[in-house]
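Here it is, the structure in full.
A, B, C, D and E label the chains in the order they appear, each numbered from 1.
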Amino acid sequence: MTIFNFDAFVNYLFNSFLLGGVGVTIGLTVAAVIGGLCLGMIIALMRMSGKPLLAFPARFYIWFFRGTPLLIQLVVIYAGLPLFGVKLSVLQSALLGLILNEASYMAEIVRTGFLAVPKGQTEAGWSLNLSRRTIFWRVTLPQAFRLMVPPLGNSINGLLKATSLASVISVEEIMRRSDLLMQEQFQVLEVYAAATIYYLILTSLWDLVQARLERRFGRSVNATTASTTSLSFLRR
Amino acid sequence: QTCTPAISDDHLVEPGKLMLSINPTNPPQQYVDDKGQLQGLNVELAAEVAERLCIQIELVRMDFPAMIPAMNAGRIDGLNTGMFWNEERSKLMYTVPYSQQSISVAVLPDSDVQMAGDQDLLGKSSAVEVNSYQMAWLNKFSETAAAEGKSAIDVRSFPTASNVVAALRARQVDNAVLVDSVARDLVGRGQVKEVLSGLGKTRATLAFRDKAVADAIVTALNEMREDGSYDALFEKFSLTPLAQDEPLEIAGPGPAN
Amino acid sequence: MTNSTVPAVKLAGVMKRFGNFAALSDVNLDIAAGEKVVICGPSGSGKSTLIRCINHIEQHDGGEISVNGIRLDRSAASVAKVRSVTGMVFQNFNLFPHMTVLENCTLAPRSTLKLSRAKAEAQAMELLSKVRIGDQARKYPGQLSGGQQQRAAIARSLCMQPKIMLFDEPTSALDPEMVKEVLETMKALAGEGMTMICVTHEMGFAREVADRVVFMDRGSIMEQGRPDAFFSNPHTDRARQFLSQIIH
Amino acid sequence: MTIFNFDAFVNYLFNSFLLGGVGVTIGLTVAAVIGGLCLGMIIALMRMSGKPLLAFPARFYIWFFRGTPLLIQLVVIYAGLPLFGVKLSVLQSALLGLILNEASYMAEIVRTGFLAVPKGQTEAGWSLNLSRRTIFWRVTLPQAFRLMVPPLGNSINGLLKATSLASVISVEEIMRRSDLLMQEQFQVLEVYAAATIYYLILTSLWDLVQARLERRFGRSVNATTASTTSLSFLRR
Amino acid sequence: MTNSTVPAVKLAGVMKRFGNFAALSDVNLDIAAGEKVVICGPSGSGKSTLIRCINHIEQHDGGEISVNGIRLDRSAASVAKVRSVTGMVFQNFNLFPHMTVLENCTLAPRSTLKLSRAKAEAQAMELLSKVRIGDQARKYPGQLSGGQQQRAAIARSLCMQPKIMLFDEPTSALDPEMVKEVLETMKALAGEGMTMICVTHEMGFAREVADRVVFMDRGSIMEQGRPDAFFSNPHTDRARQFLSQIIH
């Protein structure tokens, strides 16, 4: 018995069924990140608003959706909601579950980012008679975003794999399709190796995006902070 | 289309379509080929039944834990996933047993382990597919043995048969406990050696939420048995049909209401 | 008040609390259009709070504040109107670090006044040249010296064509060499007749530019007067003590 | 068929088999967090060291372990390594996989935390003739930790559920035991509801710890930063 | 140099580059034990770099630096020895924000000098009282005013019983009122005979305390001399121009 069948690995790598799963993974991840970020931002803003009527539901949301497994959320949305007359398609269910879940994590990421923007920035906006909307979109958000990028990277990397949970409600992405494929020949390591390559490619694509984002949003700030913050404790 | 469907829409969750769940991780009963197409006995059986009932059957691929909630939620009409039959299940759904299964014990081809009977499993570690009949059987067997003061079995469960085989190959377990059809398949590929077979005979079953559907299926299955296509199908996949003297019918009481 | 037109700023019995602490108590102050007022006083005396209330960056809890005849009545409309005639310069500049100096200067005109990009940029370049940093327009704030940053902040305020400029210790975060260039800029502005209210401890500037010096302590105005009179002969002990501290 | 059988739910809630799974989940999570944090810190320090010989392997590590699915890592460790003569037990495999994987995420969290500690803090340490070790443990780390707490919370919440992936190598934690339990009666929603309660309890426990940590490490800093940073753009 | 013992600090041909930029070029300076030296000069002239090199916070690229007879030769031992006799006070205080003032003051004595907690705290309390913030010992830095923070930073340095104190613009981040209290503290220290090297633009302090003023520009020492001579009659044009800028 050979340990690793290289030809089989190459075959799996260019298997169109697996490749279709890559598309599903990408689609779910992108949708969940964008939807989760938007919803998470709203929840973070509610939580930080200082108004208990907004903050409490936001805290509850984060507690609940971050605290319960995505798998269960998906099953409940897919198979529980119809009992109450809400019947979503498989794809809708998967997207809703992923977005609701992701938003609870994003809310904390967004909150941390905004906590680091000095109050003076907002005050300067007021003094220039900028609208609340402009202050948010043009002044605070771009600065908060800088600190949100690395944890966002963690989140997206996690999500690329977490989408596999959607297989419980019959969404077949890379991981699920790998499991299905390996039933035929039991070439576990070969199939997983092919899946790993795909994941690494997707991660690397994000790394490129992240590097661009860090440069774009760190641009100006780096001029100042690069000199004031550092990890120089490593030398003496 | 010239025929009329054997099942009317008010018995179905989707008009004109029979929706059955399937978890294709169990060759040769159900699996996918390298193009992602469903294959296996249960798939062909469904196609055959569809023709006879003059109704389209859609096989919905999903994980086992979601199936019952999906049925309760009115998303599927039944399960066609090679589930084993038991009393409890027959009270929850209209179950139609249609094949025989037994359990085999497999070891690596180069192993010189010999087994005389199920008692030889005790005190060893066995890999088994989670949520499967083999697992339930193995656990019960081990508990009984332990209650009698013998050593128990170290049961390790894995999500799919391929993980079971991977664990065996890595010598993380002493043996793999598989459903007979899978074991035979693997023996055919030279990947394992069968050291015990025919343990814990049971029946695999289809299950439905609506009695009219179950009745229609029973009718179709009996037709197939009549004209020999039932046995031919099982022959093709080297699986075991129900014995001639066992009727193809709804087993157990069905849901209480 | 020598001027019969509406006062630029009018405070009557203004109160401001932070929790239990009264940062401003019963502050009355009238400032005429075109007047230059310097506010000084010990740390924590409420100077910043006072000018921040004028701009509604802090909301006062009692009394009345009118700016250019507009009464700050908590309505969004009155706040927007008041802010449209006031400009504010902060101690820490508070430039937007992720925008170039030019973008800093055009953001508000473009988004609030709906000026076209070309118009906003032309105006910004003009004002940046006026504060003598026209050549820095495309740089980011982090790339400028403190003095240049503060002048950019002043230009940014001027781009909204305020009638009244508020300064909160505009030079105290600057290196000594850079203080001078910012004070020069402010003097030039004063020469153009703009109403200016400036919290500062730069006594040279006060002497040279201010029409009036207001001395605050513990949330109240203790005394006020013409700079020469105030510096040479303060009425209150507290002011005398304060002046002896800061002139070393 | 009843939609939700409350008695069954209560029974599952106090089911000793499920309770045992809670123990497994806690054990794996705690071990993975602690191990991942330690390893992640080393990798973050390597990445930030400025020395290519240290930084490059660290970058590679993060790229690889964050980029590949935990599930595959676990299978390779459990069923792949023995083919090369390294045979770890189930528990060892699970712990190794979880720690290796978690460390790649922790490294990014740690890095973000340290990036926010001003260089002047280290210089003050030098000028006081503090040892490198003292500067790290007493000066920079406690300050970096403050910004690490919220993303750590995300990570731990994620991990509580990610441990269920260890079931691929036959570890039976809450989720897997839920699946096993529901075989008998198919009371899926009831079992999942019980599991959800456990997860929420575990999450809430962490929330308490997080609140304490935020207070402990934010203590002093809050005095200053609470007034300089804020989310006041929400009001006008 | 009037003193025949080892010089407190001796710099010979010191060079320091940042990338291609020479921040210090050929700096020679001898400072006797007990001497007070004020360093001034325009921004970017290398003042901070100079005193940071003395403490090995920056590593010089050429020339020789000896402190109290110990030559800084890049070995960890020489660095530790030099740091054991020098103390540094930064413009931004750099207190450890997560520790109380007392903990700030006892960390180094306890961890580096291995003093017992009781001993370290007794010494810290004594020095905190000396800089007149004994009553603030249990507070966190964030709860103190700038002047109090800087005095805490001075006390923290003194707890390591340095022979030479280095100050880098210790008052330039302070409100005007607080400058005085810190300068008083420094004067008191000077009166005790400690060697002091201080980057500052507080000319009053320089006149009163310094034995010598060193003027730097573009990485070099341009001139030096007694304070009265330097202020009233600088030799170089650059110094003359600089003085006209900062005295307004």
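In this section, a contact is a pair of C-beta atoms (placed from the backbone, for glycine too) under 8 Å apart; a residue touches a chain by one contact, two chains touch by 3 or more.
Molecules present, by chain and UniProt name: A, D = Glutamate/aspartate import permease protein GltK; C, E = Amino acid ABC transporter ATP-binding protein.
Model, not experiment: these values are computed from the prediction.
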| item | value |
| --- | --- |
| Given chain C and chain D, the chains that contact each of them | A, E |
| Identity of the chain that, by mean CA position, is farthest from chain C | B |
| Centroid comparison with chain E (C-alpha atoms), farthest chain | B |
| Between chain E and chain D, distance of the C-alpha-averaged centres to the nearest whole Å | 44 |
| Separation of chain A from chain E, taking each centre as the mean of its C-alpha atoms, in whole Å | 49 |
| Centre-of-Cα separation between chain D and chain B, whole angstrom | 38 |
| Sequence positions of chain B contacting 2 or more other chains | 65-66, 69, 72, 159, 163, 166, 169 |
| Multi-chain contact residues (two or more partners), chain D | 3, 75, 79-80, 83, 118, 120, 123, 126, 139, 188-189, 236 |
| Touch list for chain A against partner chain C, complex | 118, 120-121, 123-124, 126-131, 134, 138-139, 142-143, 146, 217, 219-225 |
| Touching residues on chain B, where the partner in the complex is chain D | 64-66, 68-69, 72, 88-89, 92, 127, 130-131, 136, 156-159, 163, 166-167, 169-172, 255, 257 |
| Residues of chain A that touch chain B when the two form their complex | 1, 11, 15-17, 20, 75, 78-83, 87, 167-170, 172, 177, 179-186, 188-189 |
| Complex contact set, residues of chain E against chain C | 42-43, 145, 172-173, 175-180, 183, 201, 204, 242, 245-246, 248 |
| In the complex with chain D, residue positions of chain E that touch it | 52, 55-57, 80, 83-84, 86-88, 90, 92, 94-100, 107-108, 111-112, 140-143, 156-157, 160, 166 |
